[in-house]
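In what comes next, chain A is part of two complexes: it sits with chain B in the first one and with chain C in the second one.
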Partner chain A sequence: MKKEEFLSELKEIMEIEDSELTEDTVLRDMMEFNSLALMGIIALIDENFDMVIEADAFEKVSTIKDIMKLIGMDKFEK
Partner chain B sequence: MDGYYFMALLSYDGIAITGISACVPRKRIDNRSLSEPFSGPLLEKTIKTTGIVERRIADASTCASDLCCQAASRLMDSMGIDRDTIDVVIFVTQSPDFKVPATAPLIQHRLGLKKETAAFDVNLGCSGYVYGLSMAYAYATQAHICRVLLLVGDTPSKYVSSLDKTTGILFGDGGTATIVEKKKDAGKSFFSLNSDGSGANALQIKAGGFRHPSTPETLANVTHEDGSIRNEEHLTMDGGAIFNFTIKQVPADIKKLLEFSNTDISDIDYLVYHQANKFITDHLTKKLKFPLEKVPYSLGKFGNTTCLTIPVTLVSEIGTEIETGTKNLVLSGFGIGLSWATAILTIKNCHVLGMIEV
Partner chain C sequence: MIGAAIKAIEYYLPETILDNHDIESAFPGWNSEKIEDKVGIKERRIAAEGETALDMAVKASLKLFERVDKASVDFIILCTQSPDYFLPASACILQDRLHLRTDIGAFDMNLGCSGYIYGLMVAKSIIQSGTTENVLLVTSETYSKHIHPGDRGNRIIFGDGAAATLVGKSDMPQIFDFALGTNGKGYANLIVPNGGLKNRFQPDAEEKEDQNGCIRTDNHLYMNGPEIFNFTIETIPKLQKNILLKNKLTMDQIDYVVFHQANKYMLDYLRRKLKIPKDIFYINMRDTGNTVSATIPIALKDCMDQGIVKKGERVLIAGFGVGYSWGGTVIQI
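Up next is the complex of A and B:
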């Protein structure tokens, strides 16, 4: 999965329509970040990277980039 | 069976489910009609994600055992079963009639069963039907056991706060009855049973037991940060932890049992999950690369009825199919405990009563 694809899937999960989502977007600034969104993100990562990230790990996450670091930047297709 | 040591894997031959029934209260709760603290787009999104639209709630005087007794009486009458042929009663519940004694002996008496009946309770939730079945199958293998009556019922409405934003819209009440006995052409059946108590607090009623006895404080309702109102004798749920556990353990356990039983997943007619959250189980199905259309759901009508979601789904969604045909099933229960279990079995010409409402 490419970074752009990941961002666009995230956008869908968080139901963001009218604003941009970038690697620097701060997760908790978004109204749509709740436990349902969290479930969606964990599922998205499991589906595409075959890896289950603990829900607790998201407590230390600030930006989208931090999520990508949890997955591992090298796991994204160029 | 090399390589399968140190695991709770069970296999049986010639034992079958021959009858099954389910009973729910008449009173419906429509999640869309809920008021504060539920409302607006988040409520609609929760309904869409979980798949839970309606639930059934028992009145104050109705216990899980009452719903199970209705289901059992009507099933035994409809099958023409002589009550003296019931040798074991297993009652799986999280809502016993009394703290002590166990409810199963009371049920033995209420159903007019003989005194030579073994009767006991099992305290399990989401994994409870599969665990209960594994025990029923074990007893049924015995030469002197004719029939096992497995009763699985719960009334979560009595221990969940209806004002808790996490749990308040998920659960429904009901009671089921399943008859297990020897049957020559039953074929083989397989079970995998698992536990992880390190996650016990992910789904828990903290107080009211003997670790934290009931006091006026544990019964005092508290308003939490998110607007939820509950006390310490209500169920709490850590949805994220449950989700993590489920997607890690459940597909792995299903795969393990398919392998152990030498079953090809393409030979499975239905995969029946514990009904907790459609988003989660759809994700599991995708992970297993199993066709979504072979996964029945009763979540929309009855919600999460804890230990009895699987038999409720068998009756309400694929009742005709298991009554008239031969179906290979995977049953998968997971959650509170933490506890999870998988069964692979064949059901054919099973006596199925339509959903009973009381």
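Up next is the complex of A and C:
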């Protein structure tokens, strides 16, 4: 999965229509960052990267880039 | 060989309805349509003040006895995590409330979302051993009484309900082999921390608000939803495989699939991950919410009544959750 695809999937999970997400977007600034959205992110990562990330790990993330680091930047297609 | 079969199922739902509009007015900023769309729940039933899981077990059983002879019941298994007392077991009181014979066995089982599967497994085993012929398996739950009124997330998900199933001896085995699992490492992710003997109920327990704005104390139910989701997506694919292996079956020999109705979001994802066709996979908790150990029998009863599953068909069933505890089997309708 490419970074752009990841961002666009995240946008859908968070139900953001009127703005763009970037790697530097802070997750908690978004209204829709709740446990349901978190499940969406977990599913997205499981489906595309075959990885399970502990829910606790998400508590320490600030930006979208932090989530991508949890997955591993090298896992994204160029 | 002696087999066991599900002879009849009836369920009872308490009268009070908590619908998404109620939730919307209690928690501004939440849209009722959106709740239904995401979690697949429109309304849930809430037990009345003073109405316990045991009371609901009585009502579900009485409904069952309109169809089956109660004198045939020679064992009671009551699955609940909302017992009336630490002791005695609610199942013993249930025997008396239902005026059942006294030369029968009865016990409680403390399991949640996997409870129906474990109940079926024990019922089948004691039938096959020759100990009993007809087991009354009741799964009854009132999680609403464990949930803090300010805990929006859990109030959306859980509903109260009770199901009574008669499991009886049959010439043809209709309850097949079981695959089971337990991992106590996850115990703290779905828990009522206080009220037992480890941590006593605290009248002045501190209210905590989580990052989603849900309020609770340690006297109340706590669920780490995302971590439970992780557990599910890791465990259920293996469980499904094991159920099929144990029974030497493949998915194309399965007519229908009924999982514990946790929430629509989780079920949708599991279905996709397991590549189970939409038309053989049950998702319906719109009018009940997640009734814990009662979701599978409620679903089975609805499927049978509505002709979604027909006589002779093989249905794969699986329950998973609090403990962590999980299990599944195949039943023939």
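In this text, the second predicted complex is superposed on the first by the 78 of 78 C-alpha atoms of A that agree within 3 Å, B and C clash if a C-alpha of one lies under 4 Å from a C-alpha of the other, contacts with A are read in each partner's own complex, and residues count from 1 in each chain.
The rule we apply is simple: a residue touches a chain if its C-beta (ideal position, glycine included) is under 8 Å from a C-beta of that chain, and two chains touch if they have at least 3 such contacts.
All values reported here derive from a predicted model rather than from experimental measurement.
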Superposition on chain A - do chain B and chain C clash or fit: clash
Partner chain(s) touched by A:M39 [first = chain B, second = chain C, both, neither]: both
Partner chain(s) touched by A:S19 [first = chain B, second = chain C, both, neither]: neither
Which superposed partner A:A55 touches (first chain B, second chain C, both, neither): both
Which of chain B and chain C A:E47 touches, first, second, both or neither: both
Interface residues of chain A shared between complexes with chain B and chain C: 34-36, 38-40, 42-43, 46-47, 52, 54-56, 58
Residues of chain B touching chain A in the complex: 42, 45-46, 49, 166, 238-241, 243-244, 247-248, 279-280, 283, 286-287
Complex contact set, residues of chain A against chain B: 34-36, 38-40, 42-43, 46-47, 52, 54-56, 58
Residues of chain A touching chain C in the complex: 28, 34-36, 38-40, 42-43, 46-47, 52-56, 58
Residues of chain C touching chain A in the complex: 38-39, 153, 211-212, 224-227, 229-230, 233-234, 265-266, 269, 272-273
